[in-house]
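Consider the two complexes below, in which chain A is the common component and chain B and chain C are the respective partners.
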Partner chain A sequence: MKRYLSILKDGLIRQNPVFVLLLGMCPTMATSTSLSNAIGMGFAATLVLICSNLFISLLRKIIPDKIRIASYVIVIAGFVTLVEMLVTAYFPDIAESLGVFLPLIVVNCIILARAEAFASKNTPMAALADGLSMGLGFTLALCVMSFIRELLGSGALLGNTVLPEGFPRTLILTSPPGGFLTLGCVIALMQFILRKQKGKGAAS
Partner chain B sequence: MTFQSLLTLSLGAILVENFVLVRFLGICPFLGVSKKMNTALGMGMAVIFVMTLSSAATWAVEHALLQPLKLDYMRTVVFILVIAAFVQVVEMALKRFVPALYSALGIYLPLITTNCAVLGVAVINSDNATGFLESVLFSFFAAVGFTVAIALFASVRERLEHSDIPAPFEGFPIALVTAALISMAFMGFSGLQVF
Partner chain C sequence: MSENQNGIVSGQPETPQMPELPEVTELSEEAAAAKSRVSDEMAPEKAASDRLKPPDSPPKSAVTEKASGKSGGSQNFIKRFVDPERISGLAFTLFAISAAVALVLGAGNALTATVIEENRIAARNEALSAVFDADEFLPTDDTEKLYIAQKEGAVIGYAVQVAPTGYGGPIEMIVGVNPDLTISNVSLIKMSETPGYGQKMQTEDWFLGQFAGKSLPLEYDGEQLDAISGATITSDAVINGMRGALDRVADYLVGEGNAQ
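And then the complex of A and B:
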């Protein structure tokens, strides 16, 4: 149990795929313009990540070493197709606004990286937990980004206006440069906090 | 295809809807291999090469195999397989026939399989149902747009190495802020019309 908690903490914070490992940049910036997009993208990627991690871990003794990357890509692509169909059928609005980034989950480096670095070396249960925690970490990062961008950029959350009319909107945040800017500032903030903690640790 | 529509297509793909800075495709190599001008240009050339040819391959596969057999739902799986196989073939062919080019592009080729711009352009072409020539030209210009963006970014990053940056912004964050500024400059192209 302790091991699974540690895996969960790794994915959410210590090894956060976006803010710490710097993986999956394209969907992070493209789909974090609104909170609903971010949640849709986050859950779609989490579902793919859990399934692909589980399957690759189950197949880890069967897949030959030389063609492992190609095999992983096929497994991942299969699940992405599945998720793509599900989202298009049940959440057509989200499928519409995610657009090309829904099939592009295939080339999200987080998924291939976890398959190679974790699922191929661990038991199915651990791989499942890792997929869940990395997926939630990705979702969390997307939510943080989109919370900032949607709130300050269009004064709304999940499409509902929350900031008063007179409050100035920082329109640049919802446009493409805002994605780079927000991510840069969030990572800088994390480095700032980590540095302070380290400084404290050294002093005591 | 007239000269005018060619110009519109090229300006659209390179400046107005730049793949990296406006559409957010291919960010990983854009941030990953842009520390030096040489490597950035090498990556750019490799992307132009692979993206143009692989879009021709995916177009052919879609129209010759997927559509007649009504296997449209297999698109994502088939496209990524075609691209991965294609990159392997290109790598082997270059190694065998053009060793000079291989030694220049070699290390970037495997990275391209997971470059989302390559799969992205194939999916965009397929969604827009464009003709063969238009698809290939659009992919070529989109890749040129990628190269322009990564070359601009690399030239700024080379200078950043020697500048004084606030401690928390060192490394990755300052690169992202720089990218934001370049992206802002590219927004100035929106609304650009040729005629």
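And then the complex of A and C:
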């Protein structure tokens, strides 16, 4: 149980795929312009990550070393296509706003990285927990980024205008350069807080 | 006895004879199994020692060779075929995984295809009825791009589906055209323009609304029609879509006139 808690903590904070591992930058920049997109993207990627981690862990003794990457890509692409079909069928609004980034989850390096670095070396249960925690970490990162970008960039949250008309909109935040600026600031803040905590821990 | 020792014992490696080659490869089956488990947490040293040896290295000792290469027949053939150390075995594994995934995807497609198609038609019908309050939309020819809107048997207008390319991909719209070749209404099906810039075409109603009642030639002159500032490509795409729709209806009317 302790192990799973530590896996969860790794995914959310210590090894956060976006803020610490800096993986999956492309979908992060592209889909964190609005909070609803971020939630949709986060959950779609989490679903794929859980499924691919679980299956790759189950197949880890069957898949020969030489063709492991090819096998992982097939498994991942299969799940992405499945998720894409399900989202298009039952959540057409999310599918529409995510656009091409939904099928592009295939090339989200978080998923392949977790398959190679974790799922292929661990038991299915641990891989499942890792998929969930990494997926949630990705979702959390997207939500933090999109909250800042949507609020300050277009003065709205979940599509509803919340800032008064007169409040200046920082339009650059809605474009990819603004995404990188936001990312940099969030990473700096996070490292600052983590370090302070570490210092406190060492002192006491 | 570890394999590493084995290799040392054999001393001078004999040159393998040609017919024995398949058996030699078979020998390394165990090594391959261990190798595929390299990423497992267990026995890293053993895996490392296995890795040092190329799979087609000279035989270790005649004794082991005989012991494992004894049985023959079709069972042996299948065993050799799926041996993960051979290219046929690799291909077989990859094929099996692909086939399983394809099967799952086929099932998923069968499950969702009808729903997706229904959604698409529903979205289009919604967009069509937003343009004209008609009883029926009759598609012309096979392209499904031009619909005749009819109410109580009379033609009240034409709806054209256009998809000009904007900044973030195609902008799918339905343009309603009155029989006198003026634009009656526009409805947006799908667009992926930049938030804060091109997306204003969706969020600011005046932009698409200003086209109502206009006819060719359409130009952004700052009086009759205004472009969105900061979104030139989006604005141009939209006006091109309008022009295309008007041309399409004009062509259709001319063609119909010739036919009669």
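What we mean here is this: the second predicted complex is superposed on the first by the 193 of 204 C-alpha atoms of A that agree within 3 Å, B and C clash if a C-alpha of one lies under 4 Å from a C-alpha of the other, contacts with A are read in each partner's own complex, and residues count from 1 in each chain.
FYI, a residue touches a chain if its C-beta (ideal position, glycine included) is under 8 Å from a C-beta of that chain, and two chains touch if they have at least 3 such contacts.
Everything numeric in this text was worked out from a predicted model, so none of it was measured.
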{"item": "Which superposed partner A:V80 touches (first chain B, second chain C, both, neither)", "value": "first"}
{"item": "Touching partner for A:V106 - first (chain B), second (chain C), both, neither", "value": "first"}
{"item": "Partner chain in contact with A:Y90 - chain B first, chain C second, else both or neither", "value": "second"}
{"item": "Which superposed partner A:C26 touches (first chain B, second chain C, both, neither)", "value": "first"}
{"item": "First, second, both or neither for A:I187, with chain B first and chain C second", "value": "first"}
{"item": "Touching partner for A:K61 - first (chain B), second (chain C), both, neither", "value": "second"}
{"item": "Which of chain B and chain C A:G179 touches, first, second, both or neither", "value": "first"}
{"item": "Touched partner set for A:R195, first chain B, second chain C, both or neither", "value": "first"}
{"item": "First, second, both or neither for A:S71, with chain B first and chain C second", "value": "second"}
{"item": "Intersection of chain A interface sets (partners chain B, chain C)", "value": "70, 74, 77-78, 81, 85, 100, 175"}
{"item": "Contacting residues of chain A [partner chain C, same complex]", "value": "33-34, 59-68, 70-71, 74-75, 77-78, 81-82, 85-86, 88-90, 92, 96, 99-100, 120-121, 153-154, 169, 171, 174-175"}
{"item": "Contacting residues of chain A [partner chain B, same complex]", "value": "22-23, 25-26, 29-30, 70, 73-74, 77-78, 80-81, 84-85, 100, 103-104, 106-109, 112, 172, 175-181, 183-185, 187-189, 191-192, 195"}
{"item": "Chain A partner contacts - residues on chain B that touch it in the complex", "value": "21-28, 31, 73-77, 80-81, 84, 113-116, 119-120, 123-124, 127, 166-177, 179-181, 183-184, 186-187"}
{"item": "Residues of chain C that touch chain A when the two form their complex", "value": "32, 35-41, 84, 89-90, 93-94, 97-98, 101-102, 104-105, 108-109, 111-112, 115-116, 119, 123, 168-169, 190, 192, 194-197"}
